[in-house]
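Down below is the structure, laid out as structure tokens.
By written order: A, B, C, D, E, F, G, H, I, J, K, L, M and N. Residues from 1 in each chain.
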């Protein structure tokens, strides 16, 4: 039954760390972009439309790297092929 | 009964670390954006509406990465499929 | 009785580290925003109302990531499902 | 008697580290805000009242994250549910 | 059956870490570029077309390094040749 | 007698590290505030009273996080409940 | 059968880390170059052609270091001479 | 006799590290304040009295965190209650 | 057969880490140079020829350190004298 | 005789590390102050007396944290109460 | 045969790390110099000859530290006296 | 004879690390002060005498922290009381 | 024969790390000096002779610290007294 | 014979690390000073004599900390009292 504990622990540990580490970069990057956008708005209020449009499209692109991490995290928790295999094996072995 | 201790410990450790590490990036990013917003407000008081609207929409986007971490943390504590499996197994085995 | 010691230790260690690590980001982020707010106040004393309102709403948003950590810490200490399970198990086993 | 030593050690170690690590962020953040406040005072002596009021309300908010850590530290030392459980268990077992 | 646990754990751990670490660089790089683009827009609103075109082509190039990581992560989870070999071997050995 | 050595060592190690780590943040934060205060004094000698008052009230607030650490350190050395318990236990066991 | 697990694990671990670590430098470097390019465009819109040409040729050069990492990653996963040798040996030994 | 070696070693190690780590923050903070004081003196020679008074009072406050560390170090070397207990115990046990 | 696993693992691990670590420096260095080149182009469009020539010759020099790493990586994978020796030895020993 | 080796090693290791780590902060802090003093001298040659007096008094204060470390180092080498106790004990036990 | 594996592994590991770590400094240093050279070219196009000559002579000097690392790497792979000795010894011992 | 190896190794390791780590701070601090001195000389050539005198007295003070480390290093190598004790003990025991 | 493997491995590992770590500082320092030299050339083309002379004499001084590392590396590989002693001993013992 | 291997290895490892770590600080410090000297030369060509004299005297002082490390390295390799003792002991014990 060791395999179940080992694979389960690895899945838990990594699912948490993936989203935790993976949220640092996007959060800092988006914060920087947002901060500059506000400075640009104060400088050129007439271009508010262009600036906010570019800002949100760009932030979506940055957010995408956080989404990759979130997807992998969810796969590791709810659709983990390694866990599935190990559980099946355990049940067929009377585990 | 080892499996229960191991999977439980991993869940506790990672649920805490996920939200702890995951709060660093958004907090710094939001702090930066907020700080620039105040500077922009002082520079262009007439654009206060546009600036605060963009600020809070943007901060919501940054906050989203903290929310991902919080969701994963809650899943790991209250809806952890690995823990559920291990507990079930323990009870069917006469625990 | 090992399970109790292990799960207990993990809960203690992580409850402390979660709030400790989780307080670094918000404290720095709020400090930065506050510092810029004071600079903005000195620059535009007439906008003091707008600036302080945006400041405190924004700081509440940043503080929210510290609150997430505090909530998880309290759950881990006072409403820890893993600890509950292990204690129950120990008492039914004549612990 | 191992459980007592282990849970006790974990409580001691984490109670100290929580407040130690948790004091870094607030101290730096408050130092930054304070430093900017003094610069703002020199720039706009007439706004001294507004500036110091915002400064101390804001610093209280930053200090709050240090307070969270201090509270958790005191709980871990003087009202630690895990330690209570382990000590009780030891005494009922003739510990 | 050890091989299965070991190779499975390694795959889980690395698939998560790859995308987590690999998202830091692109997110920061894109955030910087986006932030400068907004500043450039505020400076030269008439060049909005050229600026946004160069911005998104460039961000796609930066995003490509995150894509490499995502591809490797998916390969490690769903098309992992080492896991395939080990599973096959286990089944032929009556594993 | 192991418990005594273990709990004693943990208390010694953490009492020292708590005050050592906990003195870094306040010292840097106070240094920064003090440095800015001197710069503000040179800029606005007429406001020396307001500046030094705000400076020392603010530094007291920053110092408070160092005081938290110092208090915990002293509790761990001279009023450590875990050590008390372990010593009592040892003496009742003829330890 | 140990050799297979060991060499397989090493290949998995390193293939992921190589591309993950290897994507940090290029992503940051390209983000910096791109960010400066946008600033240059805003400064000299008439030189847009020269600037974008130099930008993309230069970014290709920077990207090349990420490509090296990607190539090594793919070699380690799909054309790994050490894995090939170990698998062959295992099959000839009836492994 | 192990207890004596363990508690002694912990005391030695921590007494040294406490003052070593604890001297980094105050030294840097005081250096910064001193450096700004000299700059302020050059800018406003007429305020030399106010500046140097604030400087030395402030540096005393910063120095206080180093003093905390020094006090704990001396307590750990010359008035260590844990060491005292262990030595007594050893002598009553025929050491 | 241990030697084969050990030398093989070391070769795999280091081949990946060499190119991964070795790509950080050149990528950052080239990104910096490229970024300055674009700024120089915007400042002196008439010197575009000289600037791009110096840029690409210089980047080739920087790239050379990445090439050294790539060469060593390929040698470690495809022409590794230590691996060759160990494989030969294994085959002569009937390994 | 183990106790002697252990306590001796700990004393050697920590005596060296204490002064080594403890010299980093003061050296950097003094370097910074000295560097600013020279800049101030160039700016206000007429205040050379005040500046150098404040500089050397301040540097003495910074140096004091290095002195604390040096004193602890010398105590650990030449007047170490733990070493004295262990050596005595060894000689009374017939060493 | 252990000696062969140990010395071989150490040689592989260090040959890779030497060139990988050793390429960081020169790449960053050369990138900085190159970047400044381009800025200098844009500022003083008439001095292009002097600037590029000094640049490439200086970069050769910086490159020399990378060359030292490359030479040591090649010596460790192809002319390693320790490996030679161990292999000889193994063959004379019938290894 | 273990004691001799252990105490000897600790002395060797720490003597080297003490001077190595201890040289970082002073070297950086002196480099900074020296660099500022040259800038001050260029700004106020007439004050060359005062500037160089303050520079060299100040650098001597900074150097003093390196000297502390050097003295401790030499004591640990040539006048190490722990080594002396252990060697004596070994010779009287027929070591 | 262990001694040979241990001393050999230590020599290999350290010879590589010495030159690798030792090349970081000089490369960065020289890069900085070179970069400033180019900037100085652009500012004062008439002083090209003085500037390049000081530059190359200074860089030689900086390079000298890399040379120290290179010399130690070569001594450790080709004239290592510890290796010589161990090899001699092994041959006289029939090793 | 263990003592010889242990003391030998410690000497090799530390001799290399001492000079490697010890060269970082001086190289960076000298690079900074040299870089400022060139900038000062460009600003005040008439003071070239004073500037270069102060530069080289100062760099010699900075270099001295590298020399300390080099001296300790050579002592550890060629005049190591611990190695001498251990070798003597081994030969008198019939080694």
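Throughout what follows, contacts are C-beta pairs under 8 Å (C-beta built on N, C-alpha and C of every residue); 3 or more make two chains touch, one makes a residue touch a chain.
The structure presented is a predicted model; accordingly, all values stated were derived computationally and were not measured.
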item	value
Contact distance in steps, from chain D to chain L	4
Required minimum of steps from chain B to chain N, each step between chains that touch	7
Copies chain I and chain K - rotation angle from C-alpha fit, nearest 5 degrees	25
Centre-of-Cα separation between chain L and chain I, whole angstrom	38
Between chain H and chain F, distance of the C-alpha-averaged centres to the nearest whole Å	11
Contacts with 2+ other chains: residues of chain D	11, 13, 15, 17, 19-21, 24-26, 28-32, 35-37, 39, 41, 43, 55, 59, 66, 69, 73
Topology of the chain contact graph, where touching chains are joined (line, ring, star, complete, other)	ring
Starting from chain E, with chain G taken as the next chain, the full ring order	E, G, I, K, M, N, L, J, H, F, D, C, B, A
Chain D residues touching chain C - in the complex, by the definition given at the top	2-3, 6-7, 10-11, 13-15, 17-22, 24-26, 28-33, 35-37, 39-41, 43-44, 46-47, 50-51, 54-55, 57-59, 61-62, 64-66, 68-69, 72-73, 75-76, 80-82, 85-86, 89
Residue numbers on chain K that touch chain I, as the complex places them	1, 4-5, 8-9, 11-13, 15-17, 19-21, 23-32, 34-39, 41-43, 45, 48, 52, 55-56, 59, 63, 66, 69-70, 73, 77-78, 83, 87, 95
